[in-house]
Each structure stands twice: as C-alpha cells, then as structure tokens.
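Notes follow the structure.
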Amino acid sequence: MSNSFGTLFRITTFGESHGRGLGVTIDGCPAGLELDVEAIQQEMARRRPGQSRLVTQRKEGDTVELLSGTFEGKTTGTPIGMVIYNQDQRSKDYSHIYDKYRPSHADYTFSAKYGHRDYRGGGRSSARETAARVAAGAVAKQLLAHLGVTIHSYVDQVGDIATNLPHEDLDLSQIDRNDVRCPDPTAAAKMETEILAVRKAGDTIGGIVKCVIRGVPPGWGEPVFDKLHADLGKAILSINACKGFAYGSGFEGVSLRGSAHNDAFYTDADGRVRTRTNRSGGIQGGISNGEDIYFRAAFKPVATIISDQESINEGGEAVTVVGKGRHDPCVLPRAVPIVDAMVALVLADHALRARSNRL
Amino acid sequence: MSNSFGTLFRITTFGESHGRGLGVTIDGCPAGLELDVEAIQQEMARRRPGQSRLVTQRKEGDTVELLSGTFEGKTTGTPIGMVIYNQDQRSKDYSHIYDKYRPSHADYTFSAKYGHRDYRGGGRSSARETAARVAAGAVAKQLLAHLGVTIHSYVDQVGDIATNLPHEDLDLSQIDRNDVRCPDPTAAAKMETEILAVRKAGDTIGGIVKCVIRGVPPGWGEPVFDKLHADLGKAILSINACKGFAYGSGFEGVSLRGSAHNDAFYTDADGRVRTRTNRSGGIQGGISNGEDIYFRAAFKPVATIISDQESINEGGEAVTVVGKGRHDPCVLPRAVPIVDAMVALVLADHALRARSNRL
Amino acid sequence: MSNSFGTLFRITTFGESHGRGLGVTIDGCPAGLELDVEAIQQEMARRRPGQSRLVTQRKEGDTVELLSGTFEGKTTGTPIGMVIYNQDQRSKDYSHIYDKYRPSHADYTFSAKYGHRDYRGGGRSSARETAARVAAGAVAKQLLAHLGVTIHSYVDQVGDIATNLPHEDLDLSQIDRNDVRCPDPTAAAKMETEILAVRKAGDTIGGIVKCVIRGVPPGWGEPVFDKLHADLGKAILSINACKGFAYGSGFEGVSLRGSAHNDAFYTDADGRVRTRTNRSGGIQGGISNGEDIYFRAAFKPVATIISDQESINEGGEAVTVVGKGRHDPCVLPRAVPIVDAMVALVLADHALRARSNRL
Amino acid sequence: MSNSFGTLFRITTFGESHGRGLGVTIDGCPAGLELDVEAIQQEMARRRPGQSRLVTQRKEGDTVELLSGTFEGKTTGTPIGMVIYNQDQRSKDYSHIYDKYRPSHADYTFSAKYGHRDYRGGGRSSARETAARVAAGAVAKQLLAHLGVTIHSYVDQVGDIATNLPHEDLDLSQIDRNDVRCPDPTAAAKMETEILAVRKAGDTIGGIVKCVIRGVPPGWGEPVFDKLHADLGKAILSINACKGFAYGSGFEGVSLRGSAHNDAFYTDADGRVRTRTNRSGGIQGGISNGEDIYFRAAFKPVATIISDQESINEGGEAVTVVGKGRHDPCVLPRAVPIVDAMVALVLADHALRARSNRL
C-alpha cells in the first residue's frame, strides 16, 4: 500500500475507476489560505475525459465536493477532504475481460500481488485515480501562487514530432490555447494531426511533457535523499504511463565535458546570485538555486488499443483480448495537468519543509 | 533534512567529507540473516577512491566498523549500526575556497539554505556521503541474495561512447573485469582511453549507468505513489550528479505506437506467466511482473575541473575558483556500486512491504 | 497537522463537527478480507449520540458510505474510503460563542495555533471527529477477528463509583447489556444513577475505561520506540478528554518490590509458554507475550456544562460563556467503542508489522 | 523494527548492552545552533551507572563521540552522528542465562519475535539503549533552551514514599542536590533510606517521576493524532519499565465534576491569556496553552533481583534463574535524565512542526 504522498503537505487518495467514487485528503495545508474552489474545478476540467477530439470520449463530470478544512472561504489548518463521485461507469463494458490480462496493463501484476482485484476499467490501476491528485494539486497550486511560484507543463513531443525549441523561446501563457497543450503552434498543429491519425487507426502514441517552474526561491530541497529533483522524479514517475524523468541537461548532458557543462555564478544588477547558463536545471546538490527549474518526462503509448491482441487469462490459457470501447489515443494533453499537480504537491511540501532549515 | 531512506528496510546516514566520520543505521533488517562482513568491505572497495587510474587518487581505507545488530554472525532484528572513520582529510586543501561558490557544486545552495556550512570538500554535499549508502546496500544485497535476487549495474556510456548492445547480449558476470565496469570489452577499451584523455586535459566527462535486476518475483511495488519504478527513480536520482532516470523503453518508447509497444503475455513451458517482449522493463502498473527489471541513469560530468573558473564568493564579489587537487575525471566506474546499493535498498524494502499484500 | 495514524495499516481522517461531513481512508488493509459493512454500522451505533438517556440527545444518523477498496464484498488491497455526512448541525446554536473561549475546550489553543478556526461545535477539536476513527476501527476489528484477536473495553469507573473487580471476574460478553457499558451489573446501576443525577445538575463527570485484549500471539510490538504499549498509549491518549493511560500493574505497581511484581514463567499443559501472574499486562519489553493485554484510561469530565462560566473572548475581554444546548453528562459510555476502535487500529498495524520480524 | 523517533527533529538509535557500542543520529536539527558538547556529556553523567550508592555499580564511561553535523562549533543542518563505545561489558556474566527466560524481562518475547537474540544483558532490550536517547535529548535541550523552554523531571515517589507536594511548592533548581533527584529534601531522605534497604534485601522498588515543563508557547501539538500529550505519553511509555502516564489532573481528575474541573480563562496584567487553575496540565485539545505542562510517569520495580526465581528455558523446561550480578535497586534516579531527554525530543520536534501552522 502507498496511497499517501508528501511529508508536511501530505495527500492521501482513494478510489477505483468503476467504484462509487474517488477522494483525497490534504493534511498539512497551512491555515489562512483563501481557497478558490472554482479554480480547483478548472484544473479538473483540464484533466477531464471528453474535453476535445484528442482524448477519450468518456463522459465524467468530475465534480469535486469539498467536505472539510475550510471555514468562511479560508483554510483552517485542518485536513481538507474532497470527494469525486463516479458517474459514467458502464461496468458492463468490462465483463469481456474480467479474467483476462490486457497486454501492458496492470491486470496481471495486481492479480499476482493481491489475489483479488477489481477488473473493471483497471480498478485502482486506472489513470482515473489521478483525478484525486489533480484536485489536491489545485490546492497546492494556490498555496504556491501565494508564494510567487508558477508551474508551466506542456507537451514537448508526440511520437517523433517535437517542438525543438528551448522553453525560453516559447510563450508559456499559450499552453492551453490548443487541444494538444503545446505552446508552439506549428508543432501543435502537426501533433494534433498525428494524434487524429493514430486515433483513426485504432492505435495510440506516446510523447514527452516538459515542465518549467518559476519563482522557487533558493533553498528548497532536502538532501541527501529528498533532494528536490529526486522528489520531483518520484512524483512524476508515479503517474500512469510515465517511463522516464530527466532534469536540467538530462541525458543529453552526459556527452559534455565538465568545462562546458558547469554553470558560472555571477551577481546580477539586483544583487541576486545567478548562473549564466542553467544546465543544472535550477537545482544544485538537490536544492533550488533560484533559476528556472525544468525537466522532461516520457510517457509511453497508452496500452488500450482497438485491435485484437493475444494474451492469457487468470488460468494461464491463451485468449484474445478484443479491442473495443473508448480510450485515449494519446495521453499527453491530459497528462499536462497531472504533471502540474504532482509538481505543485512536491513544491508545496518542500516550501513547508524549508521552514525548518535554520534556528 | 532527509537522511533516512526506506519504509520497512530503512537506512539513516550521517557524515561529511572532512568530518570525523560517516555512518549508517539499518533499521528493519529481518532477524536470522547470516551477515558476511567481508562482503560489505568488498562493495566498499568497488566505490573506493584510488582503485584505478580512472578515478580520483585520494587514499581512503573506508573500513566499515560494525557496531550492533548481529550476534554470533547473524542479524537479530535490531538496528545495524556501522561507522566509517575519515582518514585522508587534507582539510588544508580547501582553505582557498572557504567562501567561494564552486560552479555547479552545492556550495551556494547549502549556504542559501542553512546559512552555516562545512565548506571542506563540499561537506555533506560531497559524494563521500555515498560510502554509507554502499555499506548499507551491501547488507541489503545479502538479504536479496537469500531471496534469489541479483543486481547488475554497469557503465553503458561514457561521453558519446556507448555499448550499443542490449543487455541480453552482454555477459553481466564480466562487469568488474575492467576498470570502467563495462561488460562490453571493446567499448570498455574505448571508454578507458576517453577517460584518460579527459583526465589529461584536466577535464571531466559524464555517462550512463545501466542496471539489470534478475529474480524479482511478481508482486513487488506499492501503487499508487510508491510504484517500484518510482522508488527506484527517486533512489537513483538522489545519487550525486544523476540527472535522469528511465526504465524499460524509456524516452525511446515514446515514438512507438501502442500496437508495437505492448508486451504480449504467454504461459511458458514451466507454467510461468511471461511476456514475449519486455518494453515494460519488468514493471507494470508499478508492480514487478517477474521479467528482468532494467533502467538507465544519466550522470553529468563531475563539476570539479583543473581549470580556473569565474565565480562569486559569499559576499557576491567576482572571484576565480582555481582548479587544483585530486578529482574524478569520470564518476561512472565508481557510480556502479552506488547504483547497485540504492537498488538493493529499494528492493529489500519492497520485499518486506509485499509481505502485507494479502490476508 | 497530524491526521494519519499507523504505519502499515494506516488511517487518515478529516472532518469538522459542523462541516459537510467526515471521512477516513484506510491504507494498507490486506486483500481478501470479507468486509461486513453492517458490522461497521453497528460500531457506529455504539458511538452514536442519542443512543440512551446517558448521552447527548443530538440526532446523528452516522451512516457510513463505503466508496472504494472492496470488490464483490472483499477487500482488494487498495485504499478503503469512507464518508459520513453531517446531518444535525444546528450551526446557529453556536453563534453566541463565535469569539469566546470556552473553559477547558480547545477554542483558545486552536486560535493561538492556526489564527483562523471553525468555532461551530469546536470544529475539528470536537469529539465528533472520532466517528471516523470508529468506522476505520470497525474494519480493523474484522481483520483482527480473522486473526483470532478480540477487544473488550468497558466502563470501569464513573466518578468515584468503580467496579472493584478484576477483569477476570467479569463476564465481558455483558458489556453492551446496559447503557453504561459496565459488565458489573451492580456497579452499572450505581453509575447510571450517578450519571442521571449529574445530568439533572447540568454538570458532567469523568471516569475510567478498562480494556482487555485476548488472542494476541507472542511477538507483536516494535522496540524500541513503537513498543506495543507505547503505541496503545498514544492511541488512547489521542482520544478527546483522555488524561491518562496505564497498563498491567500501572500506577499501583510502583509500590511493589520486584520479587513480588515479577511474573514467573511456566510451560502449560499444551506446551505453551505462560506466566503465573500477569502484572506485565501481556507485554514485556514492548512485545506481546501471549497473555491478556489490559490497560486503564482516565477520562476527565466533559468541559461543556449547563452553567454560566467566566472566560474571555478573542480580544482578551472578560465575557460570560452561557451554558446551554445538548451535551454528554458523561463521556464514558460513548468512549468505549472509541477505545475499542483505537486499540483495533494499533493491533492491526502491529499484526502486519510483525510479518517482517524474521527472514 | 522501530528505532526512529520524531517527525522533523528525528532520532535513530542503535546498539546493544554488550555489543561494541551504541549510537544515535539526529536528523533535522536546524542549522546555526551553538552546540555545547560538554553539556551533552553532563547529561550522560546523570544517567550513568555508578554515579551513587543508589544505582547499579557497573562502570561505564559513556563518552559521547560527535562524528558529524557541526562545523566550528555550530550545527550545519546536516545529521548529527554520535557514538558511545561500550567498555565494561563482562559478557561472561551472562553465560548462565543464555537460554533462560528471566521473569518480567524481554528474553522470551524477543525470542518469540525474532528467533535469534543477543542474550547478554538483555541485548537491545536493556535500558543501556537509553544512553543514546540521553545524548540526543541533550542536543534537543539546547535547542529548547534557545527557545526559552526548560524541563524539570524529578522523583515524586519511591515505593509508597511520596513528596505529597504540588510542584508549585517545590524548588525545581534543587533536583540534582541529592542522589534520589527529589527536590523535597525530607522525602528524598526517606526515599534514599528505602532504596538502600531494598538494595540490602537484594530486591528492587518502583516509583513515579514527575515532570514540569516551562516556557512552551501556546500552539505546540498536532491534532488529531499527534496531540502534544499523546506524543509525550508515547515517548515516556517507550522508556524501559514505564507502566503508566498521566498529565494534568490525570487519574485523579475523573472523580471531579466538570464545573469543578474546568480551568477558567482570564487576561493577566501583561495581556497574556492565562487560566486560573491548571488541571488541563498546560495542554488543551492536544495543543499547549502557555501554562506549565506537567505529567507523572509510573515505573515498575526493576525485574533483576538477587534471589533465585523459577522460570523456563528456550526448550520450555523448568529452570532456576540464579540472582547475582550488579543491578539497580531502583531505576528512578537514573530515569530522571531519560524522561528529560524524551520530553526534549518531543518538544524540539513539535517546535519545528508548529512552524507550518499558518500561511
């Protein structure tokens, strides 16, 4: 079991794809924060199925009910409980796979681990679980906004189509201007075409989300194990379909020599400590240095496809998994708000943890 | 602060580069394990400075003293305390940088966070800290060996020189046969030449460690936040100089379509559930599926170089950081046992956590 | 913040007295447990207001909605989410005290700590919060029943009226036979008379709950900090109004000499290790020894009384807190199921933790 | 396993009675604290065997070696590692009981739990383990002194001999003036006579430690589970031989009516919120209210006595445990610094946790 995340700003989630509902409890949000419930709902809308032609057409209202933790519009320091009831469950859709292991899904591993599992829509292993993360992340975002921190995730690559632009050259206020959530309009158009072609083929495609974080002051991150990038990495890798995480110069940086890779320090006109380059990705020794934090995360193609696949059932017998139903041809546009949410949760936690650095 | 790692098999470390010593306490090692103290020392030797021409020539004995937790050669279930005293400290080497921020080191961020720092050799931010991890990991490895699990990390790439061979085509028993710790002798020779050239130039170079884990049974990993790959990712990213982590098909998998990426299940001749391909990297839905687990980790070039660099001091004034002293031209050969150790710690923890899956 | 309890069988609760609802998530319940939802509701009924003349007459249905974690009647190893909506809130009842600090309540300390608080019925500091604990404890009880463990809390003392009988001489199946929840009918009758007299006087009275736990096998409890009695003590002390906890010989044992206090070991006819006396209270060195575990817990008189009291308001000005409304004259009868619940949560956790004792 | 304590100011201990040594790591001590190493050693001297005629005559220097976490006399925010080597081990003393279960010791329960145990002097179950707690607590005390908090534990009762004075009537600066550590000289003299008589009889006796804490500001304590008194209770109950904990009015308060028990609020001449009485023991709703915090803790008579006792061995056969060796006739004088230490650890932790209360 492990359905809690965070140390001081800590969430605990529950809920299955086709159970009665999902929920999350936030423990540790400081008192006195004006909480904009509508803003939570807007983040939910960014993750919601059916929001565009590029995503699954399932209909889920994803209305968040706030049950506790605020009084007269402000947080009280007590736990914030939120519930999202499931609506469009269509459990009958799944009777044909109740004992079958869908390829590259978690059906087999959940069976091997727990013995007894809810097979409907993947149960707890469904990405539906991330709805609770987004609701909690929307609260964390509001705490961070109060601290001057903003998070900008976007789709950097779909299949082989990439922006090929550094984030400094993109207008990050444009992320939600298209259905792909890529702030490079030219690349976005190509990505959209690619996703629609993949959908038509009954297939799926992967991609890369990039995230840029601005406004984090120097000093967040807790060595030696909870380094800021290590906690970000875990948070992002825990999202369904994520296969890789790299920050700063990442995998590309390994080819450089140290003399070319190092970021030189200088003092800027405002007396602030800065670095001339930012291959460190805003984090040095696991602690933020005040520069932009940025990372990339790889998402594999969704495992559910509209073709028949060979597999086995719980008895070990060969079976065919028939492709049908509604699914996401590409998880990337909906992954963006989930990445935002997980980043917000990590940063809110570290903001509080940094309060104990000094006497 | 965050100097503990793990939930049930849990380590806590302490120690600075130039303090009196380092140490680690392992809490949660089950009773009854025959502990081979010599095997711990052998892992230390794999991480030790001065072991070859490819690494720093500092002299450190790195002798581990076992202070508690065993009786008559076997663990008792009580915490295992181990201490490693520092010997070759040469603190005077560092007087020239006591108030300077070395580029791409953690000098500035530690100052910004804590106000007061031990500048000698980076203090707690030094990779010397990983000696304690290796000692603990060596105990975890012995627990895992008892469970049939083996870990094989190796150098897959140095700069632009890569093995270009899938791990299935390499003889993983040959990892320690050369100083680079690359089981592909041809690539290893080229890597060695490259590292020596870099050393001669007073520079440094990065690279990639690959890790293959065999024998993990289906069922390890704790969704939704402590997925097995998420915990591995955090563990590896917490190692000094690590910039990226990717498992299974990783960043390359994003270009594939789902129909090409999915791993088909079948039942093998022994009645075991298997997959025909392994793009999942042995983990599905965050839980091991019985196939080989594998991942790659990117390490940047070491920040300490033998050239003068422009920087600033604690007062914000421009200064020159003079390049001198002993350093690693390439951290990769010594990173291998550290990756092994962190993997062992994650797996030992998850082995115990999986004991609570079912009634 | 601290609204989670337990390590492997872990609950997280939320909810205020007069908010929309309360809830609890259980993380770590093993898969495969047949869950009797009706039995959960029965425990809620034991804690419910309005159940007898001895308790507050507020009307609360306390219906538990199970939202996740089970499938076809059995647990799946995923988190169990439960919600209890508030019904009889009567928030207007509290307008007269919105800025007043009620004596011996948590109004002042919550203000001092958080700045902003929900004053209605005490908000999060209300004992209403324990409804979520009881729902979770009812699940833990079912896990323990499967393991052969039973928990028997009862009212041992009200004011100065005590049973004066050792638990071995009481029929613990009779606890729920009277409204006081005291299995000694003679004492129960006196206690009932006392509570009704106190109620008539608009006053309140304290008392002692005793708890006897049967069937715990040797080996539960985790030294040195999570000793079984230390975790029980914390769990019980965290219940509203609890002022003391003592197990085994408790405070009385301090007067004995060691030669009189020690429990001699012997082997019984079944070859089981037993002790001839049980001043250890079933726990030695923090670990269960197979004997009955027992402890006593002191509960102060409820702070809400029907008399006017002098106090101050948030501005520090002298005010009168007018006594009115519904309240419990004696918390003891309703404390019994709460003690049961907290004990069940501690034991379920330790049952799982003990699985990692040995290789 | 559970050898860590605390959330933000967190210690991890190791070590057996007759192993090579003990140790503790403090993780989370803020940077910038001037650390007085001599003061740590002085607390060790208060716990040390052989300090007076009233305690065991074992000789242990208990020298603390500080290995990390400070630089130039001040803490750096990195973990503080301390080691205490064992000296006077006399392992041969214990060969006569290697397979025997000493009555009311943890020999049997450790065997039942772990299978394999270090029988020498009780191994990890020995109160020798608390030496590491005292070393860590001495650091916590220094942090608290910086915050204006002082801790005053003393012996309130030995056997049936009690001070019978409220703590307000005692001069708490006199605690260390006599060997018993009771600030009431008349009672102290009687207690000393009693302990010497018990020692002469080869027997042991229990007692009660009282603790008074001054200077804690309003707002420390984390409802609903980590209430300040619940964490204090757990900390104290985790000390060897402790059987009970009660704060404020404790077990005596149950006989009072609410109207007599409630503490009335008023504003004092300095504008501070105060209560006229303090039956709450300085904690309301689990949060400090600024008044003195006080509690009492019961300690049973030490189990080791100088008489033969009937018992069994690991094979279940009847044996005689021969009484011999050095032991404490009364644990109370040495329990005082251990109580101090555990209180300091709890308070240091809560001081840091309270930093996240508000925006």
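Per-chain residue numbering starts at 1, and chain names A, B, C and D are given in the order in which the chains are listed.
Here, contacts are C-beta pairs under 8 Å (C-beta built on N, C-alpha and C of every residue); 3 or more make two chains touch, one makes a residue touch a chain.
Since we're looking at a predicted model, the values are computed, not measured.
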Furthest chain, CA centroid comparison against chain A: D
Comparison of B-C and C-D by number of C-beta pairs in contact, larger one: C-D
Geometric centre distance via CA averages, chain D-chain B, whole Å: 39
Rounded Å distance, chain B centre to chain C centre (Cα mean): 46
Chain centre separation in whole Å, for chain D relative to chain C (CA means): 26
Junction residues of chain D, two or more chains touched: 1-4, 8, 13, 28, 31-32, 77, 113-115, 124, 356-358
Touching residues (chain side chain D, partner chain A) in the complex: 8, 28, 30-33, 77, 143, 146, 352, 355-359
Partner chain A, residues of chain B touching it in the complex: 1-5, 13, 101, 103-106, 108-110, 112-115, 124-125, 129, 157, 159-160, 198, 201, 203-208, 218-219, 221-227, 229-231, 233-235, 237-238, 240, 243-251, 253-259, 261-267, 271, 273, 275, 279-281, 283-290, 296, 298-305, 307, 309-312, 316-318, 354, 356-358
Contact footprint of chain C on chain A as seen in their complex: 1-4, 8, 10, 12-16, 19-23, 25, 27-29, 31-32, 65-69, 71, 74-81, 83, 113-118, 123-124
